[in-house]
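Letters A, B, C, D, E and F name the chains as they come in the text, with residue numbers starting at 1 for each one.
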């Protein structure tokens, strides 16, 4: 489930167009057409790689003759100073594509690296770390892939492929019978539809469980209330926790026995991983 | 120079399509078509607003009958707990558009807020805070606008509209006469083209100045070397500093007398500002 | 979950462009610009309506001033000779849009009407009639909506939103342990993913059930084998039947106790319902 | 005049995107990346082939390494159980593309096969079987090609490339002089424009013939009236018959001497031809 | 057959995007948001108007509140100094859209004006002036409309809607029987297809006429040969002349009795008509 | 800074689609699929070549097997009767693509040739010949490249990448202090923004110079006033002349000492250069 080549090409074409709508005037004017370079993608800090296909496509869609070889694969961990990839070809092309290539591989590796930290923090528990829909608009398919590269799991992709009944839906329903409302979802939607219901207080649990949801999301519960809810649900549904999740708190949340912990920060507040392109002019340009 | 309505509509349509490719199955099945809501965009922390037009468009392009009124304008500062906007209309539509609307306004307000911190840190100096090309691919026009909302300035938009000769270009040129190479840029490119040259050592300055650049970028210079370079350039070109810029260091860099300080972190490592949508069911749904 | 206005507009714009790439040369040359018409969409046979929004959009996107009023709503049943809708406006515009409008409403009403016949045939049983992925390429969102208008249910939308392990997958797996393979799906995919497994022989059932699927699809089973399988599954998973389903056989299949009967013919072999546009010139053209 | 590779690629890309917006989660999770398959497209009933290029493109655009060889060409007739094509390559890719490939080749072969039956029915007469504009919106170029594969002829492509004055136009003209109106078409439109006029009563023929149309369309005429009209037109224009055309009636209509018989059912009510993909795992996956 | 609003909007959006990819930095920075203007489109030379809808759309798609009123309609003749249109609204919007608006109305009015000169030159003869396929790529629909505004006629739109057998086709056919080849076109293509055949020597005429073409194109014939050919064809086909057509020669060519004279220069060598936008600041900006 | 392959492909695909929306019915019906041709692009008059990549792409995107070799490169001068390029491949493909290929190479070579005439006329002076924004909408990137091929320089690309304050802006500002207004541009816009100001009277010069513009544009100045202005500006800004520029006047304007002369006619009134495709049937078709 890597993003398809079509998805990759579409993003890269748009990014290249944005970054050079009428060409790279510096490289094309300054450098001879036949100057070539070898460049290395180097890790300036340790992390988990994600985005190699996008990185490669930035060069290939600028100039099909540029070659890119990765020495580390997506989802692999690397130390600082590791040479991640080698790029060779026309100097004009490599320098034109460099920023688009770096912007994407740094961002996605940042997500993968942060995810891996969360996953490591819950080692030994039953809990999955999952993403949310708090992704960069139009880049979701790539950011979800980065979460998987970091060892996390994906949540539903969109509003179309699974039900999530949230506090705002219940507010909008007013004093409707919530159990009946949830059952209607089951009867009208495709049998393949997973139904998850969010609650933010323990006293909401009984009415929700009565409707037979597939997953119950416990939002902003104390650790004590998480434990109580897990015990009460007792396998009748999956249990997801959200809210107040950080690297400092995630292990304790996982220890309550929840099945899933969703972490918005994996994608809504991304730090680009520090990766750089070190360039060596080939002999024939001297 | 706000992003145009066409730019806004194109992004929002793509984001809505991504987030609900075949509809919001929860809201459309669970909620009556005639249920209405009033929702408030509330600041859960202080900051600078950016993205009101995108926020509004997320609702309008989902349902033209939803109304959105902002009580704070883009580029304005707000305290925690401020009600930033009020949204009214069909419950189905508001809940379907909520996540796309929030994802964008939180991200752009995060950029504006961080920029404002950098700008405040250099108050009283001559230095402009500028962005870089380290933006989210395909969202540059919006992220640059967020930098302006935060009081920062924009750098060149792309590889097409200004020259930036970087260390990698000079490496690619080998032992070519750099002064002559830079003069060729001036003679071939449009007279409207600004020519900026990056150096990373003081001893490169003379050859560059001899070519009459419009701006000299001093990358990763010590404060002492920055001062030396500023004195040497002496108004013959604008002076930009980059590298090692943080909220802790920016004031000292500005104090060296540089004209511009470019900060990649403004856009490459964005923390979403904590804004939420509080929803109140209207009476007629009870 | 009606198709969104964006989906509708995109299809209609493409259809109008296909049908009149450089205008309707007959109407625009022959008819005066100010000639107006009133037209009625009339049922030449009984059926279930689907496609009113597309029908309306064909006229509106040709000419925003044309008005369309439906007297019967999508999903409603009508008798032969019923006037389904009235269209008024410029003669040139109505005659230009007529064929696109009819092509779509006839096709979708054909699907809805056939679906309703299958649904009626299983009345009194527990079985849902569902569609398949055998839809017209690029029109799936509309054809699935037509199935719902006819009282049927949708199956998964695509290869992305639910798992269906088919005979060809099992063939491709060779002599891998099928139970283990299925469990891997559960451990790797999002917790919201429904897992359905197809078998075509009773002796495959145990290995599949051992993996805990959400649904078992029994393909081309005899009625006797369907009954045996339903008894054996005994609520541990949903049961879907497919293969050899026709209006003649569906009731007997439903009577075996299966939960779902998927019918490819609902969308792969559509007969356009016979609907026509009867046109009356308005007085002012005489 | 086969659809161009651009037309084919555009349709297939859209269809693949629709059927797997974020990948084939079953095949990609279940099957090893290096598993390969050989599959055969087998006719489960006899017919006329159409759509081989689309079938191939579904695989190629999913994975350029999949190879597809057709043993029967478009427009050729085949018996039940014929192996029409062989597909080889990665199991994941073939299973992902299978449904899109089959949906199109089954639909187009259904059209070609039905067309061939109509063409056979009029063997020995002068009459051409032609399609109409009652095609699936956005797929016209492919469905018209299928009609040609079945031995039929195409009618005008769209409202832009030939004139067809229909009953509704004449109604919209009110009591205008029809002969004069038709002559205006000739004087204003390009000299390359074919002018066809529909009538539904014999008494309309004289006024139409007076204007010198290229073709007269006799809609819903009795056999006797067809014969009368053919005699009266006597070569001064081509004669087309439409309305009430079925496999049962078409031979008698052709025998009246008309030049053209247009059949909406060729494309508006398509039965997918029963073609299936039989899959054999290659040895290396066992 | 004016270009549709969809065609117009698509062109204008692309042109505006090209001319201001990230806004009009001059107007948006220099002028107050509430400054308004009234501008007049003034003819600096006489001519025939074409492009009013494109001119209006340039302003409207920049800013829906700008109003544009034309005092002269497309296809109307005007004298130098005529005020053709009045535009009112926000100064920023009008100045941003001005160049796109002018570029199109000047170009299309240039075509209409030149066409009108050719049409005037053949007054009193039977000959139509027609365009060719030598149009600006992607703007054909607009340039053909300009030819009609100038009183000319259109030729076939494209390679798809009529046959034109040119010298190069005949060369490519080698020593095939040309009459038979032409008859095959008639038997295979839709009955609505007009068949035109180009010859460049009188001695080719018999073989072509034997095939019954709809039009014969005489390319680069002398006036004497044109007369001979017209006499020989004698109404059995339409006669078109091309080659060596200028305002100096066209009357003599028309006098030979040909039905059509096609003029590539109408669109391949367009002089923009001199129209300008005179701007008056509204009082409220002083 | 040649247009990118993506830009080229996008234009050519649109042009081919426009010129053959459902195929080249003449070539595809008339010519055998295996007939091949060799064709030569021949100059019927002397000029400067531009558009070889577009010419090649027209054939390649119609049929990847067609080969195109240019014997003259873009920006090179050629005499009448020069063979510019040789094209070989399937006859159907070459004849289908011919018109699109010629339309573009003739138009762009027309621009390059005219530009070269202007450039030659100012030889020995300091003046650059530049283009303007009076380009064909949506083709600017290609027409600007043609100006460079002719030895001219480009002006700003669009409203986004440089400031040009024109008379209409100043009119819109009313009696605002122009010097202060211009300084605001400098303080708000990116430091890379070139600021050019148009004046049409000598008495406007002082206020403009006081604001420190990068370039002053003197519009419609007499030669005497040009000389006066050049003397007064004295190197404090670049000086551009516009208005009343023709091949007859340009040398005198250049002699006044201006740095730049912008010529709208380079692109707003293009005469296609007379280039033709001479076709030789290959032996194997005889």
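Observations, loosely collected:
Please note the rule applied: contacts are C-beta pairs under 8 Å (C-beta built on N, C-alpha and C of every residue); 3 or more make two chains touch, one makes a residue touch a chain.
On a predicted model such as this, the values are computed, not experimentally measured, just so you know.
Touching chain C and chain D together: A, E. Minimum number of contact steps separating chain B from chain D: 2. In the contact between chain E and chain F, the residue numbers used by both copies make up over half of all numbers at that interface. Distance from the chain A centre to the chain D centre is 45 Å, each centre being the mean of its Cα atoms. Here the spacing of chain D and chain E, counted between their Cα centres, is 34 Å. Centre-to-centre separation between chain A and chain E, using Cα means, comes to 52 Å. Across the assembly, chain B contributes residues 20-23, 25, 29, 157, 160-162, 188, 193 that each touch 2 or more other chains. Those chain pairs judged to touch are A-B, A-C, A-D, A-F, B-C, B-E, B-F, C-D, C-E, D-E, D-F, E-F. Chain B makes touch with chain C in their complex at residues 13, 16-17, 20, 22-23, 25, 28-29, 61. Taken together, the chain C residues at the contact with chain B in this complex read 1-4, 6, 141, 144, 157. For chain E in complex with chain D, the touching residues are 128, 130, 153-157, 160-162, 188, 190-194, 196, 214-215, 238, 240, 259-260. For chain F in complex with chain E, the touching residues are 11, 14-15, 18-27, 29-31, 35, 37, 91, 95-96, 98-100, 102-104, 106-107, 110, 133-141, 158-166, 168-169, 171-175, 181, 184-185, 188-189, 193, 268-272, 277, 279-281, 285-286.
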